[in-house]
Amino acid sequence: MPILKAAIIGGGHIADQNHIPALKALPERVELVAICSRDIHKARALADKHDIPLAFDNAAEMFESDNRPDLIINCTANHLHHPFTMQALENNCHVLCEKPPAILAAQAGEMADLAQKNGKVLAYNFQLRQTPEYSLLKRALDNGRLGEVYHIKANFLRRRGIPGWGNFTNKSIQGGGALMDLGVHVLDLALGLLGYSEPDRIIANTYDYIGKAGGKGLMGGWDAEKFEVEDACFAHLSFPDNASITLSTSFALNTKIPKNVNLEVFGTKAGAMLNPFSLYSEVEGELVDMEFPHLEETDIQLKNTIAFLDACDGKPSNICNAAQGAVLQRIVEAIYKSAEK
Amino acid sequence: MPILKAAIIGGGHIADQNHIPALKALPERVELVAICSRDIHKARALADKHDIPLAFDNAAEMFESDNRPDLIINCTANHLHHPFTMQALENNCHVLCEKPPAILAAQAGEMADLAQKNGKVLAYNFQLRQTPEYSLLKRALDNGRLGEVYHIKANFLRRRGIPGWGNFTNKSIQGGGALMDLGVHVLDLALGLLGYSEPDRIIANTYDYIGKAGGKGLMGGWDAEKFEVEDACFAHLSFPDNASITLSTSFALNTKIPKNVNLEVFGTKAGAMLNPFSLYSEVEGELVDMEFPHLEETDIQLKNTIAFLDACDGKPSNICNAAQGAVLQRIVEAIYKSAEK
Amino acid sequence: MPILKAAIIGGGHIADQNHIPALKALPERVELVAICSRDIHKARALADKHDIPLAFDNAAEMFESDNRPDLIINCTANHLHHPFTMQALENNCHVLCEKPPAILAAQAGEMADLAQKNGKVLAYNFQLRQTPEYSLLKRALDNGRLGEVYHIKANFLRRRGIPGWGNFTNKSIQGGGALMDLGVHVLDLALGLLGYSEPDRIIANTYDYIGKAGGKGLMGGWDAEKFEVEDACFAHLSFPDNASITLSTSFALNTKIPKNVNLEVFGTKAGAMLNPFSLYSEVEGELVDMEFPHLEETDIQLKNTIAFLDACDGKPSNICNAAQGAVLQRIVEAIYKSAEK
Amino acid sequence: MPILKAAIIGGGHIADQNHIPALKALPERVELVAICSRDIHKARALADKHDIPLAFDNAAEMFESDNRPDLIINCTANHLHHPFTMQALENNCHVLCEKPPAILAAQAGEMADLAQKNGKVLAYNFQLRQTPEYSLLKRALDNGRLGEVYHIKANFLRRRGIPGWGNFTNKSIQGGGALMDLGVHVLDLALGLLGYSEPDRIIANTYDYIGKAGGKGLMGGWDAEKFEVEDACFAHLSFPDNASITLSTSFALNTKIPKNVNLEVFGTKAGAMLNPFSLYSEVEGELVDMEFPHLEETDIQLKNTIAFLDACDGKPSNICNAAQGAVLQRIVEAIYKSAEK
Amino acid sequence: MPILKAAIIGGGHIADQNHIPALKALPERVELVAICSRDIHKARALADKHDIPLAFDNAAEMFESDNRPDLIINCTANHLHHPFTMQALENNCHVLCEKPPAILAAQAGEMADLAQKNGKVLAYNFQLRQTPEYSLLKRALDNGRLGEVYHIKANFLRRRGIPGWGNFTNKSIQGGGALMDLGVHVLDLALGLLGYSEPDRIIANTYDYIGKAGGKGLMGGWDAEKFEVEDACFAHLSFPDNASITLSTSFALNTKIPKNVNLEVFGTKAGAMLNPFSLYSEVEGELVDMEFPHLEETDIQLKNTIAFLDACDGKPSNICNAAQGAVLQRIVEAIYKSAEK
Amino acid sequence: MPILKAAIIGGGHIADQNHIPALKALPERVELVAICSRDIHKARALADKHDIPLAFDNAAEMFESDNRPDLIINCTANHLHHPFTMQALENNCHVLCEKPPAILAAQAGEMADLAQKNGKVLAYNFQLRQTPEYSLLKRALDNGRLGEVYHIKANFLRRRGIPGWGNFTNKSIQGGGALMDLGVHVLDLALGLLGYSEPDRIIANTYDYIGKAGGKGLMGGWDAEKFEVEDACFAHLSFPDNASITLSTSFALNTKIPKNVNLEVFGTKAGAMLNPFSLYSEVEGELVDMEFPHLEETDIQLKNTIAFLDACDGKPSNICNAAQGAVLQRIVEAIYKSAEK
């Protein structure tokens, strides 16, 4: 395989801590040639720190440079996922875009269409797919250990986890709150277990009481006056084959556990808990609880970057693809619409 | 207050173990004068065992007897709740009817209308209202400790708890499965926290995979071939003021805990867990977990019988009344309808 | 099936508490017609207490009585297992004999031979075979879940459990100490997992330090001066197919746990722990620990008596049979011989 | 005392991580002058890293160099323990040889004989002797707190701990599997409690089922096709004074605990558990469990190196000496012979 | 020994539940001939229930009856301990008096003087002396295991344990609150470890905040308006030999544990915790925690009654004697005096 | 505010590890200009390490230097607290002096008087005041959550924590043992809850048994022959308003926990435990246990240094001030006097 040339768009924490180290750890597959940030100082600082040849504050220039990239990692703010991804696809680049896919369902659809038209890989960075627990859950499901899965409880709940930095409470930049930032992760995992089929019925409620009231923050203090998004969202999704998902996600909720990221999966032959991974089933006619004490820790970003590169190389990959991203974004939009009623 | 004359209709376990002992423990308020069962032998055996003057196998005879009752405890099978309650109300008796109120919403409505027309008390035996945990939860809510409650998770889940006796899997007698038998309890509790308002949107799914497949039973073995009801039901209820309830109930589910009866209540000022009762809130600007280690055990049937007698005597009472029963039955029906789609 | 007539020989605690209640609980299969004890007062007292028609102090008379028994429960002291079992077999009775089979290997061999010659069932009361844990272990083994079992650690250890009553420390009556009384139970269970094959190599050590020194007793005080048996025995058994058993048993040992009865079973596909029953294996390529939280409690004496009656009726049965008892007694004798070296 | 000149033979992990740092930490007692490895690059790299003056790939040259060593640390592969130790002794060096002493009992005997003949110290690096727990156990034993020790269970068990690197599964290099690599440690500890007397009876079984079948590895993946050694060994050792040892060791076994290194020691006055160190005894006529919560952590390699240097200086030392090594190697050989039957 | 004739004065719970059953369990040593209560109906009811020949409502009559007692159990209210004990001693009876000895120090002194003058045994029913934990603590101390004891923390603390019945909050009847009812128990135990020497310095504080404020009761509700005694008392006692006791006792205190009865004993060689009994010391130069997992349960009232009868028979006894009772009462009085300052 | 110039007197561990880093972390408020130590080499080494301009071995010179300090951190040995603090105050410096304030009460009084006379801030470094637990406790108290506090148990107990270095056992340098070094911390905290009022009655006992006997040390070995101070001190303080404190402190005590630093605070409305911070109270008429799971970790020395600088700047501050230090020193002296009786 030829070594692909990669460029980063977006100079924030997630570029610095996740994507650049993952790319740098794969020199036999990818070469990081450029970084682009609105703020040229940020771009240059990261380029220096990580030994990246080129720094830009204008994506168009980057795409026109001699050493133009084959693929783009789009780690800009949510509202920029769509424009920069479109621009990259138009420039015949593969794109790994941060989650959520976009702000609107129509945007994610457009992005998927363009990727298909241009024959490029568009993928989303739902890196929780790469945890050893989810991999094992998928394997168990694929091998028939769960039977048919008919109900999933998907939770991403924080007690007081409204980030005190960034734009997490700004609706026009983020497109939403807990659902857009956290809930999409476990929604993606749950959909992955149901073949990423699309629900035919959705009902949801969203809230912003605690976000607007303020209080103790476990991720820094937030500005209650500028809190524009939902701090909690509860939804029920029903699918054509009668499977169902209960989704619960919060930035802030009066609950005991500070951070609870989990799936409870109910199948005809066994149930599964994601964290810690467990199976509940019958063995020799008796109820059995199975625990898996030795799952190996994984660098999930590295694994997801590899999955993206595999897709770029035409290999099988468990990355969240463009079509899945479009389904997910339609569901997110439907949840918000249901909540507005 | 005069001592009220009571009669029991229905000669099963719940009469023998719950209602008769409760009535017998309150001799200063009520006198148990008769018991009526389709099976006269059962009726006579219970009358002998508990020292009840009269035994009947025909309710009409009972209502015409010299020592006619002032109130009826209706502990017949679900499909008989409506006819015997109507007959009792027509005979100017107060009625404490076992849960669920009826099989159909229209029946519960008719029962409530007749009670009102005849000026009689009609109440339902949701005795979990009387646990010390729920009493404390209500007190905390009423005194403003939770702020405004906006979301409730109501669970009544059994891992393998399909009863191996009785008619629990017979749809025409029971009207349904886990929801009719178990879910209604925690639904009643949750509605009680929301002022028993009526949801304007409902979505639900029901399942019968395990019930129809058979397997290990923790409450005796059941006949998978005669399993006609749902073994699990998941629903989302949304209310006009934007509050919401997630209801989960099962006779059988591949989950760890054998029996899980709980409410998680999320309010603007505090969250509450019902069992063990706990509050999650802020004190002096810090997150606090409050536990209540010394709640006193209660005879919940006795307390509910007293609540019913208080209602008969025109006193304030926290019994589930006829109007509430009608609301609950409409919700149950709406859940089943949603699940049929 | 005709109802069999049963008689008890031996008027001690184990007759009163275990065997008679079990027989009495099975009136459709067995009728208890007589009890025989050296002490006619004991015999009569038990006959009165349990409503048994006849009481004897002479077995020969019993066998000649009009209402002569079809089967005998021999619950005499160890050294009487042989003579009374021989007498019963000679009188054409089936025999359920208490464990251990006898004092000497030759006795157990003689007993097995006579049973075969007379076409009678001779069985031994190793009732731990009937625990739900051992039943499940056997089922898992038979269904191939463990693969091939190659090593078993069989423990029956007490910290200070020398009984302060009876003849447990008298060598001529008991034939031995911890091994004869306790170790035989777990040895029988372990052999049952290996097809009751006979080891070709045995090494063992026995001790009596604590028994002869005296000290704190958790089952009453014992007379250190009359302590004639081993208080601990450790042995290694190797089988022709290379399987092996490590047997550890004690009346008294300086160890933490007061009473430790357990098997650890190591198979090619899974390992098992008997108490609490657990399996250690691999699932989906990962190490898994399986626990079985809902095994039902069992009346193990009742189940063993039924197993004996099944054998008498020619049905399949998991009772310890005469041939197995002879194997076990040869092993016990070999252990003692090895320890004498 | 003069400062001794030391040289290392063997350039692997154990030289780099254990022996060189220990020697370097004792500049007042020993000077590390040379390192010898078959691979001169390895030798030079270690010499550079640790500031060692000379590097060789030929031991003979090293012994002839001007700065010839007074003592040798032999940390070569097992099959080289014998030749290099013999060569070092012939060159009048003291030797601290890694465990096991050798592959064959005859080798270890030869090595001990030559050491005695040349008046040199030959010792083996059983560094677990230096843990605070074993030191305390020895002290308690020596001061009579255990009374007479009569049985020891010595365990070194791994669930899936076949190293995925090195030569651990190569029989000609290692001489064996779990027993040679792991079991010898706890066997040495147990023998140390019994005065290193020699057993007069041994029985053992070895297995290689899991090693040859492959599966999940907790210490990397291993090559099941090249698995030539035992993955588990169970043995019973009986001593002339009737003491006994049960030895259990495994690279791979279907058991719960990933790594279990322990001794259970049974004495007439008290029993002891090594990890965590505990005593089980009687105080004031009552059973007592004693725990020792504040044992200090120790650098056990440093302590063992000091013990070796003490021996070289003619001081009392608890190092495993040449005679003990010969006894241990004879037992290992006897175990393997018994297992072959 | 002749069988002693006993009579009970006081017809309350403690007579019925503790003293009468203990006396009745010792027919070979004592015969219960009479019971005397102010309320003749109570006396007769107890006499009937327990098969006691005579019932009186006048002690003088009892002492003059034909079947006059040799010993008296005085289980009247605290303020009657003095008059009835004096009367009994004057009538040449031995007396076992309930704790506390009296209301005033002078009373206890008078009682001791009269007992000595008349040569009768006067003893107090501090039955916690008979727990297996305290017996073991005393044995350990007497055998030198603790070295010299220099400080004791004696706690009898209840969180909300003001009895909702009886006269526990009435100062003229009880003489005090938590100290008189609860604290005296652990004070007696602590003094027993220090040879019942008398402190030369005392400082104390008492409180009644919670008692007078009311609130949740774990032993029934109490009448805050009639709360006349201390609900908590903290005192420091210093002895001529520099030993010291910290005494803490409460009926009600805002603390976590509902009931905390314990001694922490600090000696030069070891410290001890009473419940659960533990020793903290050094063994082989290491800190050791000793636990005693198998202490046998005891009927402490029966053992204390036997101790009293032993004293009456002139045998050694660990009963609290008249002189000790006088010391204890002086300390109690000194504590109250210190608290008044 | 102008930046204050600071100098350190005392070149030990506490200067190096605590005070210098804290000052260096606050460049906007304070500039560290000099360090003075008896040992000029120590002074220079610290100056080099921390980039401090000037190093002295003579305080007088330092006060006369051009760059003379505005404030002094006095971290000399206890017996030098008085002379150097007096010298600093005379030179018109603010002083933050290490605890305890001094050796004698008169010294602390003199120091407070001079500070007042010269209008300088004198404060003591009781940095435990700055833990998040104590801050929360104070806030809860100030907001009335505890009601009125009437009893405090203040513990600073070590099992074997006599430091094996420094002068901790030297009476003339330290002024005392556990009380001077450890007890003063929790005494300061307790007094802070009672408005730093002064007790009118004190009783105390001190001991030195373990210190003089020697044994296992958890903080290094100590020289039992040079042990001149108390290893344990128990005291009871009673205040004019009837509040009381039980103080327990030890370097060495036969107790389970190695280090136990805690306050138990008993108030009329709630009780509090300092570590982990908890409240015990009533909510809705039920007993409640409140835990605070998310208190943020704090750099307590940094916070205390800021509190001192705030005081220097005339801002409100929770630093221990000169008057409080004088009260505390009087109490310490009274405790020692009481213990001498």
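Letters A, B, C, D, E and F mark the chains as written, and numbering starts fresh at 1 in each.
Heads up, the rule we're going with is that a contact is a pair of C-beta atoms (placed from the backbone, for glycine too) under 8 Å apart; a residue touches a chain by one contact, two chains touch by 3 or more.
Protein identities per chain, from UniProt: A, B, C, D, E, F = Gfo/Idh/MocA family oxidoreductase.
Computed from a prediction, not measured in an experiment: that's the story for all the values here.
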item: Which listed pair, C-D, D-E or C-E, duplicates the contacts of A-C in over half of its pairs; value: D-E
item: Inter-chain centre distance, chain B versus chain F - centres from mean C-alpha coordinates, in Å; value: 62
item: Chain centre separation (chain A, chain B; CA means) in Å; value: 43
item: Separation of chain B from chain C, taking each centre as the mean of its C-alpha atoms, in whole Å; value: 51
item: Multi-partner residues of chain D (each touching 2 or more other chains); value: 160, 216, 218, 285-287, 289, 293-294
item: Pairs of chains in contact (touch as defined earlier), listed by label; value: A-B, A-C, A-D, A-F, B-C, B-E, B-F, C-D, C-E, D-E, D-F, E-F
item: Chain E partner contacts - residues on chain D that touch it in the complex; value: 136, 139-140, 143, 145, 279, 283-295
item: Chain F-touching residues of chain E, taken from the complex the two chains share; value: 147-148, 150-151, 153, 159-160, 201-205, 207, 209-210, 213, 215-216, 218, 232, 234-236, 238, 242-244, 246, 248, 253-256, 264, 266-271, 273, 278, 280-282, 285-287, 289, 338, 341
item: In the complex, chain F residues that touch chain D; value: 160, 216, 218, 258
item: Partner chain A, residues of chain F touching it in the complex; value: 293-294
